[in-house]
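In the two assemblies presented below, subunit A is common to both, partnered first by subunit B and then by subunit C.
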Partner chain A sequence: MARIELRGIAHAYQAAPRSEEDFALRPLELVWEDGGAYALLGPSGCGKTTLLNIISGLLQPTRGQVLIDGADVTAAPPQARNIAQVFQFPVIYDTMTVFENLAFPLRNRGVDRAEIQARVEEVAALLELTGDLRLRASGLSADLRQRISLGRGLVRKDVAAILLDEPLTVIDPHVKWLLRRKLKQVHEQLKVTLVYVTHDQVEALTLADRVVVMNGGRVVQVGTPQELVERPLDTFVGYFIGSPGMNLLPCIVEDGAVMVEGQRIPLDADVCARARTAGGELRLGIRPEFLRRVAEGSPQALRVEVTQVEHLGRHKLATTRLGEQSLKVRLPEEERLSAGESCWLELPPRWTMLYAGGRAIT
Partner chain B sequence: MKHGIELDGVTRMVNGEPHLADIHLKLEPGSFNVLLGRTGAGKTSLLRLMAGLDRPTSGAIRVDGVEVTGVDVRRRNVAMVYQQFVNYPSLTVYENIASPLRLSGRLGPKELDRRVRETAAALRLEPFLDRLPAELSGGQQQRTAMARALVKDASLLLLDEPLANLDYKLREELRAEIRQLFRDRPAVVVYATTEPTEALLLGGRTAVLDEGRLLQVGPTLDVYHAPATERVGQVFSDPQMNLLDVEVTEEGTEARLSPEVSFPPAEHLRGLEPGRYRLGLRAHHLRLEPRSPEDVRIPVRVEVEEVSGSETLVHATHDGIALTAQVEGVRSHPYGAELELFMSPSRCFVFSPEGRLVAAPPFTPEESLHGQD
Partner chain C sequence: MEKPTNHRAWLLVLPVLLAVSFSAVIPLMTVVNYSVQDILGPEQRVFVGTEWFRKVLRDPELHGALRRQLGFSLAVLALELPLGVALALVLPRHGRLASLALVLLGLPLLIPFNVVGTIWQLFARGDIGLLGVAINALGLEYNYTANALDAWLTVLAMDVWHWTPLVALLCYAGLRAIPEAYYQAARIDGASTWATFRFIQLPRLRGVLTIAVLLRFMDSFMIYTEPFVLTGGGPGNATTFLSQYLTRLAVGQFDLGPAAAFSLVYFLVILLLSYVFYTAMTRTKEAR
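Right after this comes the complex of A and B.
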């Protein structure tokens, strides 16, 4: 079990980086608490795998230090870090049985027979592999192979942390949630530090207590799933999390109120005051699921024109027009609405955010 | 194309195993058709037969009334887009898009250039025309592959899970574009997917395929709202549909789920013959709070929760029955927590023990106007 600390970590793949632009990973400070479940979430190319490889020791950072339980391991090779890694494609030996695969990391370290037997049985029970221990690994289904791969990481008692890099990519969609449940149960029982890399918001928000959102080599927000959904501190988080993402509308602040397309939107007075001095383009953000449809002519409601209604089964998604801006609204399935109509929307202040240069004004 | 494409009792056997069994399907010209089925259902096999890449073991495929079973693929006017982005790596985006036109050799240079640029514009590829595929993002590569399929104005356009290999954000954007692109085309479009949400978003008609058999065909929303069998309900639900075995008592006044939970069979459940049934309930109709006095309270124990955006999937059990509820907001109940879920009987599908639909919640025809057929 371990606490992992990243101090001033930055990485460039070029030997002699000249400008900040050359860095795949911009300078960052992060602490992974012992026993925490973390996700690293971001689109491809955001630097998340680079960061993971720095933690595991597969990559030496250009700058900064990696500390495990206070000890500087920046120069230590992966095998000296007691970190288990699970990759996109299961790494197992096809010629061995499931038992031998699980036992392999222990045999390598000269652990005695009785203990190997006990540990393998324990891990197999946890991962529901007990009935498969005698099977040959070749020809097993992808989810079984990935569970074995995870088991190989868990079998060592001294493992400090488990790093998982998009481990569900090759798993059939209908089996994915079963494996997510297994992972979550394993974490709840073992309380081992877990770092889970993914571009999939469902996997990140489901597995992690805290999610580190990355974009363009930067950490843009670290927060609980609830914080990321309810109070995205960066427009990228608003866009990337949620399906569809947050509505972002260019706006101005005038007489202590926010104006979008000439319409007044009530918002916290302090936020409005700070917006006047903040640099960068001002945008108002609200998620499609937080917009409220209200009766015609309600005070402070915006009148919008409905341009499209999509039936998504459990709800409807309406695309509406407010002047030149487009606004997506999620409505309950029983709601009646069709293209060409007008409707009135309320922006609850609690769910309405204001951004300057992409960062939230709080 | 005037009469579309027709599959008449098509079967395909591979090594003595039926991959497709007795498929009857008629697709109208200008129609958008979703082929919905899980991995291994036979979607790709069916598309390959339509494309002429494989031959059926028995049965006939007719295009515009003319049998084409066994006609070479090069002589059919078909375009196909695959899950993997297939482009020529050494050709620029422009040349990739132009390649099907150059192969057919029917267009003059001016007309060819016009067509390539028009298609590139529709797929927002204009800025990348001089690039090589390797210099593009996954989404741009798949757009290029789609442009190649669209440029030649094929009368049959087949798409095999074209978005499956993309990040979900890109998928979201491309999905919306695909619908616009294929609207108002005279071609027959067939789009294979495993995802119910994708089928709903794309609209048109949906054919549900399972284990090589065609289970149901109809306007997408009709199939969604009235799955003919329990299996169709399962394939057309994500998260999975809750399936609850109930017993309707002799007097028909009570439906019993477990020793603890029973309720009066109201609304469309009224008039069920006594006996055993299976209720199908989509996850978003199982809630944490009651919506009406008729809602049935089910005590459960939480197994795990999954969070997506501002929704949470609660996986739980009641008396050994697995239940999944899709609720608003980010929730977190610990493993083993005890909760109450509420189900509204008016939202249940009723299936016979053999899995045939006995009764479905009414849905207003206004909603089926969405289907673009």
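Right after this comes the complex of A and C.
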């Protein structure tokens, strides 16, 4: 049980970083509240694993401090922090039985026999491993192995947080959801802080209360899954989350409206005013699912040409053209639409975002 | 779905069969042929049945050579394996130093066998050799040409110097193949250096160690050139191992029949012992 605080953490893999480009992790401030379920979401190479290894102590950050419950543990080795970590590929001690695997962290810490027995049995029951305790660990299935390595993390009584580094990558799809449900259940029972690294947005959004989105060594947004969908504060969050991602249209700002390819969309006057002073390229953002087909000439609407319609079962996905720009729209299946037509799409002000230099203007 | 059968496909393996029979089977059959005949001259040979086999199996000199051979091979394994593993563990993993260390370590493997023998013959000489002079200077009596124990130790030291790098390189490759996550997990689990070695490194070296044991056993069991150059099998017969005895039988005394019988026995012994080692080392994997 612990609150983990990262203060000004930055990391470079080179010994002597010269420019900011050398940093795999740019300076960041983050707080992981006790008992929270967090997902760390981002593309490969964005610094997720680096951040995780800094929390567990496998890596010493180049700059900044790691605080667990207020105590500075920046210099403490992993075995001195009460943090469990599960890796992408399940790590199992092949020569041991399942029981010995689970007991290993306790034996290394000199816990007495009776307590080891009790703890291992408790964790085995939680992870449904009780029947397999006497099996040799080598040659078990991937999901069983991953459960064992999770168990090695949970077996310690004082464990403050569980860090999981893409733990379901090597698991067969049909057991993935079982394991995900198990993980959620473990989190609910133990109320332990959970940090789950993934590049899969579905995994992140279903498992976590709060999602930390990373890109290029930076944390771009921290929010609930709903916030990330409804109000992405960064264009990266906009197009990385959602399938397909947010439409981002270059635009220019006039008084109380933006102009996209010569068409006018009225927008909040304050936002427009701030956009004029903000630096960087201006882009209008709207998610495909928030666009609505409306009658010709409606306010808040753009006239587009439909170029392609894909049927995706319960809805259809239309690709439309607006001058040079392409705009994706998710429409109900009963909507009649075919390629070559033109139609009007409304951008509801509530879901329409304006970005300057990649960051949202709010 | 039924697989098509085509007997003409056998024609395609024929060249390989022919090559193998010329390179292995026919020479081996020649040996088998000699082992059951007494060859008196180019045109004069008598079938003698198992006489040569009975003779060599009762030969006390051969028994002595076999005992020395087993002792030598076991000593080689007992010394080179732990030493090789230890070397692999302390070798640097990254950077220029790693490449340099590997090259230095691998040097003995590049030296021709008879040169290895010559190097050690000079190195260990009591009058001019660095090693011999140094040991004598310490006040210890050392003379590998006269003292059987000294000769043994010198031959062993030479083999350890020559072949431990092979074991070390194999283990080094094995250690490099262990994913970083294992070490990270071990650190988080609070494992000591010893526990990390015992439960992560050693189990994951099993494959390369099996290869190392087989290679070192077979090679040391057939050792010929280096002791031949270094001690010539002496003093007396103290360092006469099997292949040297065989050479003496076949080339020195021209006893082709007994030598052929002996060769076959020798071959079978190596095959059998290698099989035993292999089974022992891979057994636990299949036992699961």
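One rule holds in what follows: the second predicted complex is superposed on the first by the 356 of 362 C-alpha atoms of A that agree within 3 Å, B and C clash if a C-alpha of one lies under 4 Å from a C-alpha of the other, contacts with A are read in each partner's own complex, and residues count from 1 in each chain.
FYI, a residue touches a chain if its C-beta (ideal position, glycine included) is under 8 Å from a C-beta of that chain, and two chains touch if they have at least 3 such contacts.
What you see is a predicted model; the values in this text were computed from it and never measured.
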| item | value |
| --- | --- |
| Which superposed partner A:D94 touches (first subunit B, second subunit C, both, neither) | second |
| Partner chain(s) touched by A:S149 [first = subunit B, second = subunit C, both, neither] | second |
| Touching partner for A:W344 - first (subunit B), second (subunit C), both, neither | neither |
| Which superposed partner A:K184 touches (first subunit B, second subunit C, both, neither) | first |
| Subunit A residues touched - subunit C or subunit B, whichever exceeds | B |
| Contacts of A:I83 with subunit B and subunit C, given as first, second, both or neither | second |
| List of subunit A residues in touch with subunit B within their complex | 43-44, 172-174, 177, 180-181, 184-185, 188, 199-202, 205-206, 225-226, 229-230, 239-245, 287, 289-290, 309-315, 336 |
| Residue ranges of subunit A in contact with subunit C within the complex | 53, 56, 58, 77-79, 83-85, 87-89, 91, 93-96, 104-105, 108-109, 136, 138-139, 149, 152-153 |
| Subunit C - residues contacting subunit A, complex | 179, 181-182, 184-185, 187-192, 195, 199-200, 203-204, 285, 288 |
| Contacting residues of subunit B [partner subunit A, same complex] | 38-39, 137-138, 167-169, 172, 194-197, 200-201, 221, 224, 239-240, 282, 284, 303-310, 313, 315, 326, 328, 330, 332, 334-335, 366-367, 370 |
